[in-house]
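Next come two complexes built around chain A: one with chain B, the other with chain C.
Here is the complex of A and B:
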């Protein structure tokens, strides 16, 4: 039976080539966009260089003070003091990797402007995150304690600043008119890893800001590392309990929010959430709604084409019914045929996606971002194919199955 | 084999009501070859479609092979058509995208039979109508007479008890028409299949056991 359906499906596809082109183009183009989009999302969500220990990590990135009576709030990054004074004392936290947000400094090399994005970090930052050192090593506690002007730089800035030289450890690099001695060079971090990407990393003690100032808000964020994956919920609980005891210290505000989030929540909180709500539900709903909307347009198009195509085959429908096909069998046949069309479109979509990703990577369209079509991307795409096939096949098939046999036979 | 009692078929539009079949009662015995004649639009095909359970009467009852089919569900009707009835149409109604063999095995797709069994039965049916050398051809590669023979093979492949033929020779020249008629007579005589045929051709009708004439939806002979 399936072989018969397959033969018919292929014959129908060959019959009206323009319709086939429109159908396949609609499916494959939509799937390509979805697959590349999913590959991008997957890149952002999955553990990636240098943040490989996500299963053991919680992320703290924002501090929110609220005046609930008047309904206004103040939100920013977190102070170094907060991490040092409160978070570092939590028992379930094994290590805290603290870093400031990137600041930009301009340097001029051979009359060419180079922008150096630099961040301040603590020593454990290099233990929590797994940067690949191409030469040299990170700064240690002692160097931080003595506020040594040392720097770890990225491979990209090494090339831009020093040119094609084999080693730069021991040489000096200048940012904001201060010279720093290079002690290590790390591999570049993709721009999608916003919190960890940077051109130069410096000890927090060389910052001009007063990192000891007992404020809650500042310019830092942190990755809290638990001893094991199983300890993460405990760490989260301990963090939340600690937050209840942190004094607000400012009479203008009556509420204080700071969260140790799982990675995905740490992203959504910044986009669709706030201090109280992680924003996951909202973010996922928006994403799902967008995907459905995006899938809906080609689906409606396919439904229309399918109705036209099926009605062209009314004589066949009449014959099949006359010889014993029930309405249900016919619905099944047309859905199977539509699935075959959808999977052909899916295969084409896969091919186009692989090409797009290949060009995206080889033309280096986003610094250091290497996309790939991995298993999860394929799974999502397969689900999208099934969605397409069913949605665009069911309604036309149902309409067709309702055709009166005599009318269907006369239609030829 | 087929018992029609007081069958009426009314087609209704917003403004007009047309009585296509008007109170026809008919008993067709097992193994009978019956022809239905009458001018165009007299309700012959409508009556045949009602007998074939392709159309519902507005009034009256139908019993086929001892069963009252008026209360059958869509599924049951489909199975009944598949097992008991075979259709031959004036314009063949072959599926042009499928090869001859695939066309013929179509009724068997809706039964629980293996692919091999289907192939064998379809090949056997095609041999019966003298087309065993055209299995891999497409309908468009055949003459009118050959196409109608494929249609007959499709109608008999499931070994139904009843064949309903709607002007099977209508699109063919007399030589081809006679060939088709011979096949139908053969089926009726050798296999005991009941055949009901709508025709315009007096000569063809005269070769059958009984002739029913219709005029304006009513039986006149």
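Here is the complex of A and C:
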């Protein structure tokens, strides 16, 4: 039966080439946009270099103080003291990778300006996050303890600062008129990995800020690593319980919020959420609304064209009905036909998205961001195809099934 | 004639429902695109109000250890003097973090008699701030040293804020209440609006107040206007100078022209993506309309043949079909305008109504052109129908 439908669908497609072209153009273009969008989203959400252990991790990035009576709000990154004094004592935390937000400094090499974004980290940062070391190694606890001026730099800054040399370990790089000894070079991190991108990594003990100051707000964020995936909810619970006991230490405020979030929530909290609300529902509904709005026009267009094409086939439908085909069979047939069309469009769309992604990557439109069509993107695209095929097929099919036999046959 | 056409359409209203909704949605998409474009263009045409070329910002983290207020003030004054004496430097000024093209925002409110004005950008500025930016003073004067010791704090406001508070009445010498309406601020000057958020955004309300010594320890940006000869060599020596003066600090020098480009890109790139997607949608719709009209006309060969046989000219037949499509479009546009008009009426997003009105007119024109172009070829085809052939088919 399906084979028959398939044959009919292909025959119909061949009949009116112009309409086929319009339908395929609409479908493939719409799906291309959706697929490239999904590839972007996937790039942000799924584990990526150097943050591969997202399943075992929770992210702490902001500290919020509120005065609930006056409605004041003060939000910033978290202090090193908070992580060191409170969080590192939690039992379910295996390791904690702490890093400051990146600050920029300049270096001038051969009359050319180089902007160096640098971050201060602790030693476990290198164990929690899996940076690819192209040469050398990270700094260890000993070096941090002695506040040694050592640096891990990125491949890009190695090239910009030292030029095309094979090895730079042991050489000195200068920022803010301080010389740091390079002990390792890591592969570049995409800009989308906001918390982990940087050109130079330094031990937090060489930081000019007083990292021991017992404040809650500061310039650091952290990744908490649990022993196993199953331990993560326990870690989250323990963190929340600990937060209840942390003193606010500031009379102007009466509420304190700081959250250990799963990765997705850690992103949405910054965009649509606040200290209390992770903002996931809001972010997801905005996204869904945007996608539906975007799909509206191509869908109406496709429905329009589909109806036109069905009317063309009224005699065929009349004959089938006259010979006893039920409305359901006809609806079913038409939806299958529409699905076949959608999947053809989907294949074309896949081709276009592969091309677009290829150009996106080869022109390097966003620094260091490499998109790819992987399995999950394909899965989402498949879902989008099914969804699109269904919504654009149901109404025309219903219209078709209601055609009056006599009228349909007489029309010819 | 139009009444007759309307009747024809009304008889097929169910048939035309999808066609109508398609035009309606396209209209709304186009309206959104044009609203953005008109808004950006109108802002783009306004004068910049400041000169950003050859202005550099020097960021330093001010964790100067000195607890003593006086020595801190002396330190910063010395630093400024030393910079100003450099041969390549035209002007130097301290500023709060919200200088033009930066990402910093600092707003406050004002309480002029009987009302409140919110969202006033509060710029804390050093003595030579106006020289760095080459700002245009419209009325009154710039700050002088006596303002720092005056009882009522002196402020300078921009054109937009002046218009909001005083309208056409004189502003110089007037006092307004501050945010909580406790202190009084005396207006000593009015400057031309400057677009601090890039070329495509309005200047908004702004007030400038002198950066006093108490605020110095929160300050971490210096603006430097350099001479045309200043090159990377000078930048590097400026950097070294700053790093040696501010020992415990990290220094970053940025060029305001680059910051402006970055700021503009934040507007242009999303707009470009939006326009590309919208234009693909419109191509899609145009092809769809074209196909549907073409098909409809083929369905009506009998009717058209009859009209031709009764003596209607080819032009009047194609004219009828095109005007039918345009009337259909008008029906959608009427509904679309109803929705679109809500934007200026409700003053959505605080955008001037004129922007929405222009956008509505442009979108209407666009949709008419689109429908006309899509109906042109099918109409021509209809005109070419030979009555004998068409009637023979029946």
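Here, the second predicted complex is superposed on the first by the 412 of 412 C-alpha atoms of A that agree within 3 Å, B and C clash if a C-alpha of one lies under 4 Å from a C-alpha of the other, contacts with A are read in each partner's own complex, and residues count from 1 in each chain.
One rule holds for everything that comes next: contacts are C-beta pairs under 8 Å (C-beta built on N, C-alpha and C of every residue); 3 or more make two chains touch, one makes a residue touch a chain.
Treat the numbers as computed from the prediction; the structure is a model and nothing was measured.
Engineer: Pick one for A:143: touches chain B only (first), chain C only (second), both, or neither.
Structural biologist: The answer is neither, since A:143 touches no partner chain.
Engineer: Does chain C touch more residues of chain A than chain B does, or is it the other way round?
Structural biologist: For chain A, the partner with the higher number of touched residues is C.
Engineer: Taking the superposition as given, does A:76 touch the first partner, chain B, the second, chain C, both, or neither?
Structural biologist: A:76 contacts neither chain B nor chain C.
Engineer: So, does A:88 touch the first partner chain B, the second partner chain C, both, or neither?
Structural biologist: After superposition on chain A, A:88 lies in contact with neither partner.
Engineer: Is A:175 in contact with chain B, with chain C, with both, or with neither (first, second, both, neither)?
Structural biologist: second
Engineer: Please work out whether A:325 is in contact with chain B alone, chain C alone, both, or neither, and reply first, second, both or neither.
Structural biologist: First partner only.
Engineer: Mind pulling up the chain B residues that touch chain A in the complex?
Structural biologist: Within the complex, chain B contacts chain A at residues 49, 52, 54-55, 74-75, 77-79, 81-83, 87, 89, 91, 93-95, 97-98, 102, 105-107, 109-111, 115, 154, 158.
Engineer: For a test of understanding, state which residues of chain A touch chain C in their complex under the given definition.
Structural biologist: Chain A reaches chain C through residues 18-19, 21-22, 25-26, 29-30, 33, 103-106, 108, 111-113, 115, 175-177, 208-209, 294, 296-298, 300-305, 307-308, 311-312.
Engineer: What does chain C use to touch chain A in their complex?
Structural biologist: Checking each residue of chain C against chain A gives 18-19, 21-22, 25-26, 29, 59, 61, 63, 231-233, 235-236, 239-240, 243-244, 248-253, 277, 280-281, 283-285, 287-288, 290-292, 295-296, 299.
Engineer: Note which residues of chain A are touching chain B in the complex, please.
Structural biologist: Within the complex, chain A touches chain B at residues 1, 3-4, 7-8, 11-12, 15, 315-316, 318-329, 404-406, 409, 412.
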